[in-house]
């Protein structure tokens, strides 16, 4: 089966080609069908692969297709690697991806055929790149997928290309990613220099014998890449803007899959991070900071998607915290659960927006509970899950990360918990303002509010179920011995790291206490939020003071603009107008001018007077005499 | 006579000729000064011829050393005569056109 | 010897032709026949057949180099007659006499290409100069022509004076007029000889219009009737350089170290002044005058270097330069307006003229695939082979770059600017064909200079 | 001080003086006459140097033929002093200084050289006599002699071309 | 010298030459167009055939030396090795593309235009093939002259000055090259211009020092790298697009190629001495050009500056002197040529319809011409080296090599990756996305043949991007030879 791995990315690629090239020929229905079917196919294959992988004693499989770059001293094959980690991500990507394709088929039905086909083409291309990313057996292939998904997100954010702001958002996303990619690339070059290869199989065994400084450098550079892709400080600003894209896209790319690429990459190279002295701390701190920072912003956002976006950023931050403290399993676990409930939330939001005719401001919603029962229910489940209320999936994954953090240092734990509380707060604020209270929208909106079609609700339901049960693959052993199936499953991937880390278990009592405390606090916050926003009234007066700062996202965009964009622009203008025109060009033209000038001067020698001519001759003669006779 | 005397005399005459060429504006005078220069040269040539003869004759009484120089003078005179005929013709032609022999009138061609 | 005597005789013949058939077109054909005869005679001598057995008393010596140069000069003259013969006759009433004078010049040319005694050099130079004074002034009613003639004459005879002084001093120092007899370098150089050499170099530089003794050139070339400018600027100039090289190689070769610096200075000055001043000219004719100074700078390199490469180069340079310039002047004569703008739209109205003049200009600028490139190439190699004063080569290269500027201005006018009316007088197809042949020769020499140079080793 | 020396100095003085007068006299006719004087002086030198042939030729050709030609031309154009207004001082001084420095440089270069001790034989040596010169001329120098005829031809043609009315 | 036609290098030169000379005499526009297209395709076909005889035992077919100027030790020697093969490939592929893409434009006196174009092709082939310094110099100029006439005859309104600047600037440079060549020639043991004897010549470090600059300035002007680039934007802006394609696609490679072929092996010490200077210059140039490109409003100038930036990287990687970057460079020379020609074709198609190149005046073309938009996006992204496009392979290796030379250089140069993304996306955004305006309202989808040409380029981009092995096979041995020479 693993021999046929190449089929997994191939199907979406084919789907992309068909939809992309034939976008004028294929009718909508077919386009949607092809799009979804291709992903379904690779999902089935992924399941098969998974079946193969999950049996004990499975060894890593590397499938080499052909040699991509082959020069003296460097051989980069186009190869795939199948192991527990990648198979898990395969499932998430193709599974969630499939659901979202189906959802999209209904959500995008208003589009014209060729754009509809274009949409699915992009979506398939994205899945293809994402699969390359997780399947790649070396960093170059990973990088190919890495930039590929960046491209797709660019294309999909700018999908409605008539809108200038959307294009700008798309551009921003791409450029931010590129900044990260530069870091990634440099890391790759460093690895080439250091290990003479980019294949996981070659590098990881050698890591033990490598100077810590080098590892720190490489890992930090890789982490720069991760901050770009996974929207961490300082490169996170693109993600909220990325909500310009169609909602399913946000669900798939900007919540479930692409943004977790950074986590995947670090988890993939866990051994390097474990052995690098400084990096883990950096990762943890940045992650935590992002988690907190984004959470604070999310509190004051009123665009339903923006809230979700910032929550995504914050959740990603949490995952990085997990990676930073060495709780790799926890991070991956959270990636999985997050994929489910965040996709669920986004699709739910999509369903709401769809119902509200592209109204995204939650201040104009409210009381949708009765209009959209299914959406409401599933959305609620999503909120509970993300808030981390047992026994929903979010609880387990988040708890595992936090416990890891506590084991590392209580400070991290408490800040993390605090951000978790904020999460609970803004999620239920969102829920309350959207579904509770009475309707605040316009009249005709009220008339047209309706539950979405099955193609949209079914994925919601499926995801909701997953959001509920997914947690049980990783039950912490405080509840039941060896119930943590996921840990066992991923053990081979992280074996080396765990060996290095050593055990620092927390006593069960402490763990119970912490859990209890956290859950309690979360419940309190939740109720408070529901009470506060249960029947929200629109108020005219603008927010003031700190709230204002939060509403404006700490003015980060403005700061970036003032510190980077504007100066760069100004500098370029200077180069173009002054340097280029005056200096570079000036020197060359100046030479010409000088020759012309001296030519004009020389002409005066030619006075036309025989007398002066002969005079010059005589003087020259005298001079030559002097040189000749007295010269030496 | 020491040859240096002749050298100095000739050089002096030559330079006077040059000065004349430089300072006068009348084409004819300029031309005459050039003739003066030529004569200085002639004188010097003859002097040299006798110098070389003096050196040579001590070893070989019948020598004709130095004759070539005097013949050179002869040729110079020949050429000078030819030049004069042409030169004066040109000057006359110019005089016909502009009724002047002032070389400073010749500045249509410049720069 | 054949060439000297025959050309003198032909001069006389032309005089009588003038008396016999006034100024009919057929005069031109007599002249052309004469040149052909001259070429044949010279070729025979080159091949070893000499009509006359005269004891020259070692005053002349006919080397293959000199004879080959005569060849170049005569062939150029032939082309010149063919292209511009009729224009020669239009200058004035007595066309035959002009041809006669030019034959006398050729006589002088073949003397200076073979002289061994300063006396012959002097006489040769004079035989070249005197007819040119006349030709310069041959457009009698034209004040510019008068002026040119008088300026040329006065300055020319002044430089003659300098040359004679030089010869005298040399004689005083060495006691002989024979280049061979001087055996300079054997003894330590005396001031007499030193001053003599300086004066010789100055007077030759004057004749070759090398800076700072070039001032007559632009005025004279500009003032003289264009046909004769073409003659003066090409064949005569090349001949002077041959004499220059011959004098300094056979005469003062052993003393090279003592005058090389001076030669280098003159070369550099010539290159710079010639090229830079040409940049700002408005009239193509005058520009060509300055360009001839610039080219003289490159030829000076041969005198500076004084090696085989330089000799070959000078030969090639003479050929390339003569062909290109004669062709260019032939076209220029046909123009109504001598300014750069006068060339506007030539490509549209007279494509052949435009094409050929482009080739000539490219050759003058030293672009590869034209004879001009290899001539410059040889000069540069010669200069570099001496292994000293490398700055001179750099100056040369920079100036070559500058020269592109003014040569290409003409090309621009011809091809990229346009004019309503045709800028030329009517031209015959024979003329065009001839131009094409000349251009072909330029290119041929540009691809295989060996065709000419290998003859030297015969 | 022998008679020769006296003559030498006298002629030298005469030559230099009249040469200066040629340059500085305002009236062209005077210049011509002074130039003739120079020629006479130089001829005198020739005689001292016992170059009789040249002395005679110099008088005949130069003083006789050429200068008369000059005189004719000047008379023809009846140029008198007024025809040459005073030119600008600057060029005058420049010219004088240049010429003077030329002389100084040459003399400085030549004053004490190998020729310092050399003597030009005066009153003796018969190479200057017409017979010897003739022998040499027509034995060794026949070629230039012949060729100079070409020079004359061209000069003649030139004079004709220029002078002929058309 | 016009000896037998029994080998590929000679044919590759004669074919365009004859084709060009012939087309001067075909005055009918349609037929001269088809003739020149045919001729260029023949050349391509011939080259394709030659690819089957690359092995050592057919060496005789790929190398030739005619007697030319025995008296000065120069022969008309040509060699078709890996290095020249890849660039001849570029030349052979480009011209049919160019002719086909601009087939619809009609020039005044087309025979002259196409004749000169083919002569340029001949010159370029010669530059890449000749292994005799003098012949090399000849072709170096021969490629320049027709280009000069092409630009100043058929270019934009400021064409004459632009072309003149271009010509004099490059010509001056090449004169110094000539001096350098002569000097080395005089130093050669056997007074010969052949590449072999040039490689053998022994030079002191001092000589190498100034000779290096004599050669390098000429090449640098041609590339051009900062600060010798001033001729380029004007020339590109003013030239007719077909010529711009030749200039930017192929002619700039002359400088890089010459540096590889003639410079580095001859002056090893000097290269070691000045590598930091040159690489520094190149990197400054990359960033400089990228920044300037940010604020260009003219499509042609934008592409011109982006080209300068990319060339900068190539120039830098020449002097890193490690196999990886060298191979990357050789491959990239081909890829960059293809990509930039693609870009020019798009620019050409836009200008053909709208008549303007001002980015700020365009917009929304994607609505009217989706096919064009897609092609452009692909080519533009290839131009900024997105993975799975051809440029990625080359630039990845060059960067890796540069990193090997010095991480800091690589990091600095890396900034241009970001900048390039910015200006490219800006261009896409402003030209193709957004709403229509008065100018773009009447824009039509591009014609079929134009689509086919672009599609071919796109396919090429992806093929090389996914499976570059064939290109590596062409250049592998030669690049190893060069580095080998250098190491020893």
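The first chain written gets the first letter, and so on, giving A, B, C, D and E; residue counts start at 1 in each chain.
Operating definition for what follows: a contact is a pair of C-beta atoms (placed from the backbone, for glycine too) under 8 Å apart; a residue touches a chain by one contact, two chains touch by 3 or more.
What you see is a predicted model, and the numbers here were worked out from it, not measured in a lab.
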{"item": "Common touching chains of chain C and chain A", "value": "B, D, E"}
{"item": "Number of steps on the shortest touching-chain route linking chain C and chain D", "value": "1"}
{"item": "Chain closest to the assembly centre - both centres taken as Cα means", "value": "E"}
{"item": "Greatest separation from chain D - chain, by CA centre", "value": "A"}
{"item": "Greatest separation from chain B - chain, by CA centre", "value": "A"}
{"item": "Euclidean distance of C-alpha centroids - chain A vs chain B, Å", "value": "99"}
{"item": "Chain C-chain E separation of Cα centroids, rounded to whole Å", "value": "43"}
{"item": "Euclidean distance of C-alpha centroids - chain D vs chain E, Å", "value": "72"}
{"item": "Whole-Å gap separating chain A and chain D, where each centre is the average of the chain's CA atoms", "value": "104"}
{"item": "Residues within chain A bordering two or more other chains", "value": "603, 606, 608, 610-611, 614-615, 618, 621, 625, 629"}
{"item": "Chain C residues counted as touching two or more neighbouring chains", "value": "119, 123, 126, 130, 133-134, 137, 140, 151, 154, 158, 172, 191, 194-195, 218-219, 405"}
{"item": "In chain D, residues with contacts to at least two other chains", "value": "91, 94-95, 98-99, 102, 106, 109-110, 115, 140-141, 144, 148, 151, 154-155, 158, 162"}
{"item": "Pairwise chain contacts under the document criterion", "value": "A-B, A-C, A-D, A-E, B-C, B-D, C-D, C-E"}
{"item": "Chain D residues within the chain B interface of the complex", "value": "4-5, 8, 12, 15-16, 19-20, 22-23, 28, 31-32, 35, 38-39, 42, 45-46, 48-51, 53-54, 57-58, 61-62, 65-66, 69-70, 73-74, 76-77, 79, 83-84, 87, 91-92, 94-96, 98-100, 102-103, 106-107, 110-111, 115-116, 118-122, 125, 127-128, 132-133, 135-137, 140-141, 144, 148, 151-152, 154-156, 158-159, 162-163"}
{"item": "Chain E contact footprint on chain A (complex, rising order)", "value": "66-74, 78, 114, 140, 143-144, 147-148, 151, 154, 158, 161-162, 164, 167-168, 170-171, 174-175, 178-179, 181-182, 185-186, 188-190, 192-193, 568-569, 571-573, 575-576, 579-580, 583-585, 587-588"}
{"item": "Chain C-facing residues of chain B, complex", "value": "3, 7, 10, 14, 17, 21, 27, 30-31, 34, 37-38, 40-41, 44-45, 48, 51-52, 55, 65, 68-69, 72, 75-76, 79, 82-83, 86-87, 90-91, 93-94, 97-98, 103, 106-110"}
{"item": "Residues on chain C engaged by chain D in the complex (per definition of touch)", "value": "4, 8, 11-12, 15, 54, 56-57, 59-60, 92-94, 97-98, 100-101, 104, 107-108, 111, 119-120, 123, 126-127, 130-131, 133-134, 137-138, 140, 172, 190-192, 194-195"}
{"item": "Complex contact set, residues of chain E against chain A", "value": "165, 169, 226-227, 229-231, 288, 291-292, 294-296, 323-324, 327, 364, 366-367, 370, 381, 386-388, 393, 396-397, 399-400, 403-404, 407, 410-411, 414-415, 417-418, 421-422, 425-426, 429, 432-435, 466-469, 472, 476, 480"}
